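Please read through the structure below; I'll follow up with questions.
For clarity, chains are labelled A, B, C and D in written order, and residue numbers in each chain start from 1.
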Amino acid sequence: MTTNSSPVFPVRTAMEPGDGVFTAFFWALRRDLRLALRSRAELGVQILFYIIVVALFPLSMSPDKELLMLLGPGVLWVAALLASLLSLPRLFASDYADGTLEQMALSPLPLPALILGKISAHWLTTGLPVVVLAPLLSIQYWLEPEVIWVLMAGLLIGTPVLSLLGAIGAALTLGLRSGGGSLLALLILPLYIPVLIFGAGAVEAVRGGMGADANFSLLAAGLLLALAGAPFATSAAVRISLD
Amino acid sequence: MLEIQDLAARRGYVMLFSQVSFKVEAGEALIITGANGTGKTTLLRMLAGLSHPLSGKILWQGRETRAFDPVLRNNIMFVGHAPALKDELTAEENLALLVKLAGEEVALGALREALQEVALGARLTVPARVLSQGQRRRIGLARLALVPRPLWVLDEPVTALDPAGIALLTGMMAAHLSKGGAVIAATHQALDLPTGAMRQLSFQ
Amino acid sequence: MGEFFAMGGYAFFVWMAYGMAALLIVLEIVAVCAHRKRALHLVRHSDVHGSGTVNAGAQLKEAE
Amino acid sequence: MSGFKYAAPAQFYPLAGKMALWFGVSAAVLAVIGLVIGLYIAPIDVTQKDSYRIIFIHVPAAWMSMFLYVVMAFWGAIALGMNTRLSAMMAQSIAPTGALMTAIALWTGALWGKPTWGTYWAWDARMTSELILLFLYLGIIALRNAIDDPRRADKACSVLALVGVVNVPIIYMSVNWWNTLHQGATIKAGNSSIDDIMLAGLLFMVFAFWFYSVAVTLVRLRTIMLEREVGAAWVARLPEVKEER
């Protein structure tokens, strides 16, 4: 072999698994947040969807105080699930279409870290607004103040798990023509159920005087498990979709 | 630099190609031609490590590699059909992102200079959405200039480039070859590269 | 035999359960056999018929 | 082709045929014995009288529905790890039978619930988890149909099965938590002391269901092999392909 790898090109030793993680994470986070802010209208639509869904239930039943107090947490949680689900295709679809996802997969930076950055940006633009809006919408459901805090805390821990699990489904269904969101919903909603049970259950537990620490610790455990596993599963799914 | 041994690929139930073997050394340009649908893009994507071959081996400096192998990701620059740009961002922002994604640190000045060279100087702050296809490809050329990688894998690099663009591309390729780099490109356009360094392979 | 089928008054529930289970299993067996027949038909009449070797697809030749 | 000798579909195809026959026949024999014991010989249950006999179908189906999901995820993991085509096809051929077993478990569970709890659907923890398991199976089958390229479909379904298998225990635990929170511990359905005859009947039925699943899966596997290797030489040489029926 004549010149091995020519001197002009810096010999890039393959990165150890550890380094490049933070550069990758913040690269993706800043980029996706900037992209989201550039298309603010789209963000508004996501949040409006959440508000409208929450408002539908009293209309479909009755404005009766007892009933709405009972249903409130469940409705807010289901609406949060649906809002997260609807915004998931946006996570990879445009990058898949314009070839940037391909370049991300080929980058020397670790793909799971890039994906975690994208998921965090997705949570900040869809999950966090849900948490912030929760107290405002709780008024529609006559929820008592101390319960609103429990609901917000549950949503704060739970919505990132929705984004993390949802990202796996979004990556698996990349570029598939079949009914866009419905396949994604079928794949991901069963996985959302534990988060829904412990999140909505936290309010029930507090109302029942049992306190919600068990619920929160389980939700937090779910978050850690999702944080540890989802980025890797998602990057495997992305690589499969790019194949 | 890169060696392919008995590569085969299948899409769905149809066999695309098989028994494909060749070698690319420093300073060589390999031009791959063939009708549409014969698997040129599939082959290039495999070389870049984007997809698994049905069978066969891809060796980098004699070492076997799998798909998405870090060695390939650190030594190969792949330019696909889509120019990997975000419509909402400006040419400058896009280039900065792509260069950082490739793990390179480049100052803003150097970025602007690279864009000047590919005749996009005036278009720095305008969203990529309004740029023409040719101008978007030129941002890709600027990326090629800024990110030093021994092997370029280019899929139809000439599409949407005007004659000046093509001259720019061939100039960059010639410089890259003289620096000891290598190029594998799928294209129908005759590229006037130094004949000694150019080999052509075609799918029959 | 009569009281066997009566199942102590729960005939409806017991035989609906066993009946549906049997039906579903039979349906699966029928479906698998039909699937196999379709596959065999596909193999026999597909033009990709193995002429000794898997059709090799394109080869990459050195052309000057 | 990496992996052990039988990794190559060509060698495994005839073997799978023999195994399918053996498992099918033994499943039938075991089922007959199990049904005779369960429906005829086993004594009447003191509290539930004869309606408890449904457990001889419900329990094996429920166990198989969970067992098959884990086996599917196992073969999926091997397909992802070793990139072998055969294990991916095996995972693909298990999914429909697993979904069927879940459907049987749900149907028989509802019919057992009516006389026991007075309603077909009492949001019992096990039944609710079984319903969610059905959604997981249907999700994998839907993803399989949505992807045209078989290799991408294999890998995508394997990833989904692995993610699912991690979540199945979590779902069961959370549904149990949710159930006890709202209904308190439901009366332990079914008799507390299972005497030997009932246990024997149950075991026969479990093995019958297991062998049945293996047989059906292997037959479906052979069919998938034919479809996937349409142009392969070994397919052309198969007796059933040669003779023009």
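Everything below uses one rule, namely that a residue touches a chain if its C-beta (ideal position, glycine included) is under 8 Å from a C-beta of that chain, and two chains touch if they have at least 3 such contacts.
Only a predicted model underlies this, so the values are computations on that prediction, with no experimental measurement involved.
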item: Chain pair with the higher count of C-beta pairs in contact (A-D, B-D); value: A-D
item: Centre-most chain [mean C-alpha coordinates]; value: A
item: Intercentroid distance (Cα basis), chain D paired with chain B, Å; value: 48
item: Gap in Å, rounded to a whole number, between the CA centres of chain D and chain A; value: 32
item: Between chain C and chain D, centroid-to-centroid distance (C-alpha), Å; value: 15
item: Inter-chain centre distance, chain A versus chain C - centres from mean C-alpha coordinates, in Å; value: 39
item: Sites on chain C at which at least two other chains make contact; value: 48, 54-55
item: Residues of chain D engaged with two or more neighbouring chains; value: 151, 230-231
item: Per-residue multi-chain contacts in chain A, two or more chains; value: 243
item: Chains grouped in pairs wherever the two touch, ordered by label; value: A-B, A-D, B-C, B-D, C-D
item: Chain C partner contacts - residues on chain D that touch it in the complex; value: 39-40, 44, 49-51, 53-54, 57-58, 61, 96-97, 100, 103-104, 107-108, 111-112, 114-115, 212, 216, 219-220, 222-224, 226-227, 230-236, 238, 240-241, 244
item: Touching residues (chain side chain D, partner chain B) in the complex; value: 83, 148-151, 228, 230-231
item: List of chain C residues in touch with chain D within their complex; value: 4, 7-10, 13-14, 16-18, 20-21, 24-25, 28-29, 32-33, 35-36, 39-40, 42-44, 46, 48-50, 52-55
item: Contacting residues of chain B [partner chain D, same complex]; value: 11-13, 15, 52
item: Contact set on chain B toward chain C in their complex; value: 8-10, 13-22, 32-34, 38-39, 43, 199-204
